[in-house]
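What follows are several structures.
Both complexes below contain chain A, partnered by chain B and then by chain C.
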Partner chain A sequence: MNPHVIVIGGGTAGMEAAGRLARAGMSVTLIEKGKDLGGHLRDWYHLFPDRRSSDEVLEYLKGQISHQNIRLLTGQQVTGFIHKGNEFTVSTGNGDTINGDALLLATGFDLFKSERKEEYGYGIYENVITSADLEAMFRKKEVKLVSGKKPERIGFLHCVGSRDEKVGNIYCSKLCCVTAVKQAIEVKKIFPASKVFCFYMDMRMGGALYEELYKEAQEKYSVGFIRGKVSEVAVNINNRLVAKVEDTLVGRPLKMELDMLVLMAGMEMSEDAVRLAKETNLQMGENRFFKPADHHFGTNMGNVNGVFYAGACTAPLNITETISHARSAVTEIVNYLNTGRK
Partner chain B sequence: MEKFGFSLTKARVIDYDANDRSIVSYILEREPSLNLCIECGCCSAACTTGNFTGFSLREIHILLKRGENDLVRQKIRKCMLCGKCILVCPRGVNTRNVVFLAKQAFTKNEGYEF
Partner chain C sequence: MNFDPFIIPFNIGLYFILIYAVVRSVIWFRELSRPDKLRLQRGFFGKAFGQSLKEIFLESLIHRKILKSNPRLGYMHMSLAFGWFLLILFGTIEADIFGERHLNPPYKAIFFKFFSPDHGKTFFEASYAFLMDLILAFILSGLVLAVTKRFFSRVVGMKKTTKLKPLDKVALTSLWLIFPSRLIAESLTSGAYGTGSFLTGNLGAALASFLPANELAYPFWWLYSLSLGTFFVLLPLTRYLHIPTELFLIFMRNSGIRTGDKPGSFSEVEVHSCSSCGMCIDVCQLGFSAGIHTIQATYLMKGIRNSDYIHDIAHNCLMCGRCDQICPVGIEISPIRMIVRRIEENDRVYENSWNGYFRNRLNVPAPKQDNKPSYDFLPAPVSKKADVLYFAGCMTHLTPSIKKAMVKILDASGLNWSFIDEDGGACCGRPLMLAGNDREARELINFNSQLIWKSGAHTLVTSCPICYKVFRESYYLDVEVLHHSQFIKNLIDEGLVNMNFLQKRVTYHTPCELGRRSGVYEEPKEVIRHVATLEPTGYDDENSLCCGGSLGNIMLSHDKRRGIAEDVTARLTANDPDSLITACPLCKKTLAQATSTRVVDIAELVAEAIADAPALKKNPSRHKKKVVRESAASL
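So, the complex of A and B:
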């Protein structure tokens, strides 16, 4: 009989890994809590840095999992697992149990809940939205203010829920900078007459073609960049948003009226995965993502032999990195199952 | 000799080696969180004083670290120690204590009175 690998999470990492495991001759059960596969990818419009449609990647992933060795279980929440010797038993919310030889956690991330930064007014002021809300607008091809009007001035606020002791996240989510630049360009393409500003602490453009995208935003779209962390947002008598920031490069406080403010929500370990980690004694790092066995050689493994990790449940990762991480997890799992499970 | 009216202009360079960093050392010993500042300016954006005067806590931090004490000595008089800056700091710097300790250091080291 083929070894059986249970993959928890049907987003980018889980789908890629499931497909690769099946092609490596494993029998795979892919468990997804939602009713559809694809995870966050289903909510995005275009991906950075090349503005490829996320649907294209989704199609690729669907192709990956169309394999006879893969059994799909959607709409099922994993509540825990136990292991005896080399065998794992996973239990789900509706009382089922599934036995397997190895476990791959591909539980991904949750977006930071922007309401928690109350001073930015998400859920209070109607035209304060999140980066995810804007992607949804792009997908519907309906980018507009609540009044239905075109926004004339749009601000992007970096580091919402990232690099912020006040919400307990000291880490950088690393994708929000490039996402803001990508979204700024998308907005300018829809509203060429609008003016777009990014409020940033540092522009972290450390990825292939990111800096080029940043330059394109300046060169072709005249996106403005203001270095400072916004302290608060209010609404003035004209019902326009007002952001308060120090323009640190000038060294003076700056206030700016905006029609729309986009909060670049960071990434956090998914709440369900935190619960699972606590119940099963899987170690989490200081940042609450799964703690890798080794930061150089063991990012697919943790503290329980036979339990593997793939994707953004280990750290904020982009789609490219997530797919690579899923592939390396498959290599580790195959190695584990072939070499006496040590 | 004919006088042409030439004079020497003081260089505006930050002379890092000549500058006195005893004030910042005094503060850091007692409030090491000052080292965590990333110059985001959130403190200055939230600051009531900074809205009306040239006071910027972010600037104070960097001036202290560079030993530009003459500027700091004048500027920190403006702080009202309200502590709004502490509420917004994403790095958890105890910004108010930095001002308090700076005043203390100037008084102790230089006999300067605020």
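So, the complex of A and C:
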């Protein structure tokens, strides 16, 4: 009989890993809490840096998991697992139990809940939205203000819930900078006459082709980059947003009128994964993501033998990195199952 | 027999401490400010004197406050203080009645048994001896508790007890030795002479049955005298100075003297009055929620007394006032902490000398004051004419849902109001004051004062209790300053707003600056009860907790603050309410990060209740009061 691997989480990492495991001769059960597979990928419109449609990637992943060795369980929340000898028993909210030889956690991330930064007015002022809301608008091809008007001045606020000790997240979510640049370009393409500003602390353009995209945003699309974090948002008498910000390069406080403010929400370990980690004694790092056994050689392993990690449940990762990480998890699992499970 | 050399240590100690007390009190009196001297003189010949005697009896002897909050600890303090007092009082009476002469020197009363060993033969004498034994037994029972507390503090219901310095330990040992040595000395003498009552008599008889009681008694009388003498001599150098000092404190306080914001005789008396009882340790949230056990009030007092480096102790404090509230001696701890902060801010180093800690000469001259204004970039103050002014404050601008709710409430009230810091005005000044920067704070106070004067308003409403406190106490304004909870309460009383009763169970977190610091407890609760079902938390009113977001602490790390906030929200949402209500934007912001329960300001709750109400009839008549709650419930 084939070894049986249970994959928890049907997003990018889970789908890629499940497909690769099945092709390596494993029998796989993929458990997803939502109705559909695809995770956050289904909410995005275009991906950076090349503005490829996220649907293309989704199609590829769907192709990956159409394999006879893969059993899909959607709409099932994992409530816990028991580890006995070399066998894992995973229980789900429906009361089912699934036995397997190895466990792969691909639980992904939650977007930071922007309401927690009340000073930015998300949920209070109607034209303050998040980066995810803007992607949804892109997908619907309806980028507009709540009043139905075209936005003329749009701001992107970086680091919402990232690098912020006050919300308990000191880490950088790393994808928001390039997402803001990508979204700023998309907005400028839709409204060429609009003014678009990015409020940043540092521009972290560390990925392949990111810097090129950043340069393009400045040179081709005239996106304004202001170094300084918005301190608070209010509305004025014309119901326009007023963002208070310090331009730290000039050393002056500014008040900027905006029609729309997009909050670049950071990434946090998913709440369900935190609960699972606490119940099953899986170690989390200071950033609350799963703590890898080794930062160089063991990012797919944790503190429990036979439990593997893939994707953004270990740290903020982009799609490319998530797919690579899922593949390396597959290598680790195959190695583990073929060499006496040590 | 009238004299024996063993009384010499006691006599030296006694006369030393008496002379010391007189000299010290003269110095303290001379260093008082002129108004405080007058207060003290007036107090001496007025009502304050009687009040002080009563308070000394209730607090210094009976320890009523400790008894109320912690009966076992209270009993321990009462048995030692009140018991000792009774022993001295009745001992003196005993010596005066039964002694060879009347009016004896003090040692005759203390060592009565030694000088009248066969006393206790007649029935009357025996009854009196019974009384004296009873008092001694009372003290010894407290002593047993005290010794146990030192090693197992939980016995008296304390999680932690104070840490001592070496000299304190010597004094403590001599104090502990006083009563057992008296017991054994008296018992042995009684055993030898066949006198004594139920305690000394029986113990004496038992000891005398197998020991040479008469010969053994003498060294124990020496021990008794030595431990008394040692204790008295060490008294000014140890925490036990609190025993005589507290009497001064009570008298000064009843005469109307307060700590104020500068060091002086009174703050020094307060520092010395700290008995290191440790009650402040257990109520301190930095201790029980953040694991910081070095900065509590008792250690601040000790640090000042010992001229230690206390910068961290003074600054690492939430300034929540829980220790002020619990202190059985009534020391104004927070003002003293602020005095230390101010001294530190000015980079002054104080040299300690024998007669004072705060008042000493500077060994480094104070730096020349830089009089350059810090906020000269502020525009000229401009304000609209209005009856009611609303000052949101910095923190409310960072919690726009509160601001939005207040605008809705103010609009619904139909009053002529104006938003003075809508575009973001100047800070109220309190954060600067809390950091010890009074001069800079004064610049902001002047700016805001002009805004308020120019508007001609009669009422100033603030959403932030931090602003509320500073507007009331540090501004010289001709307007009524109200926190928005008080303002809403007035609107309800006058029938200016109509509200629905929301079917919600809520708990209320009393902000420190509004509650303990400003005494506003009832109005917020009444407003909440008007629109929702308010449930108690066990941390209500004076016993409320600090959210952890305090402006008063600039040393605490974010994770410690978060830990405090998580602990607080866990306690306040134990019965799983629909919402946790507070009345301070900073508390809201801090608590909301730490719980999944919805945290809302009282203004938001009220605005929500207004939302569902039918079209409002604006009727500012004060006479036509409606029972709003009934009409709302019938909807």
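Observations
Simple rule for what comes next: the second predicted complex is superposed on the first by the 342 of 342 C-alpha atoms of A that agree within 3 Å, B and C clash if a C-alpha of one lies under 4 Å from a C-alpha of the other, contacts with A are read in each partner's own complex, and residues count from 1 in each chain.
In the analysis below, contacts are C-beta pairs under 8 Å (C-beta built on N, C-alpha and C of every residue); 3 or more make two chains touch, one makes a residue touch a chain.
Just so it is clear, the model here is predicted, and its values are computed rather than measured.
With both structures placed on the common chain, the touch criterion links A:A18 to neither chain B nor chain C. Comparing chain B with chain C, more residues of chain A are touched by B. By the document's definition of touching, neither partner reaches A:L282: not chain B, not chain C. Shared-chain residue A:M201: touches chain B; no touch with chain C.
Of the two partner chains placed by the overlay, chain B and chain C both lie in contact with A:K244. By the touch criterion stated above, A:L258 is placed in contact with neither chain B nor chain C.
In the superposed pair of complexes, A:E232 makes contact with chain B and with chain C alike. By the touch criterion defined above, A:R163 reaches chain B but does not reach chain C. In the superposed model, A:E119 lies in contact with both chain B and chain C. Shared contact residues on chain A (touching chain B in one structure, chain C in the other): 119, 165-166, 231-232, 244.
Listed in rising order, the residues of chain B touching chain A in the complex are 38-47, 50-51, 56, 58-59, 88-92. On chain A, the positions that touch chain B within their shared complex are 119, 159, 163-166, 201-202, 227-232, 244-248, 251-254. On the side of chain C, the complex with chain A involves touching residues 397-401, 403-404, 422-424, 558-559, 562, 589, 592-593. By the touch criterion stated above, chain A contacts chain C in their complex at residues 116, 118-119, 121, 124-125, 165-168, 231-234, 242, 244, 255.
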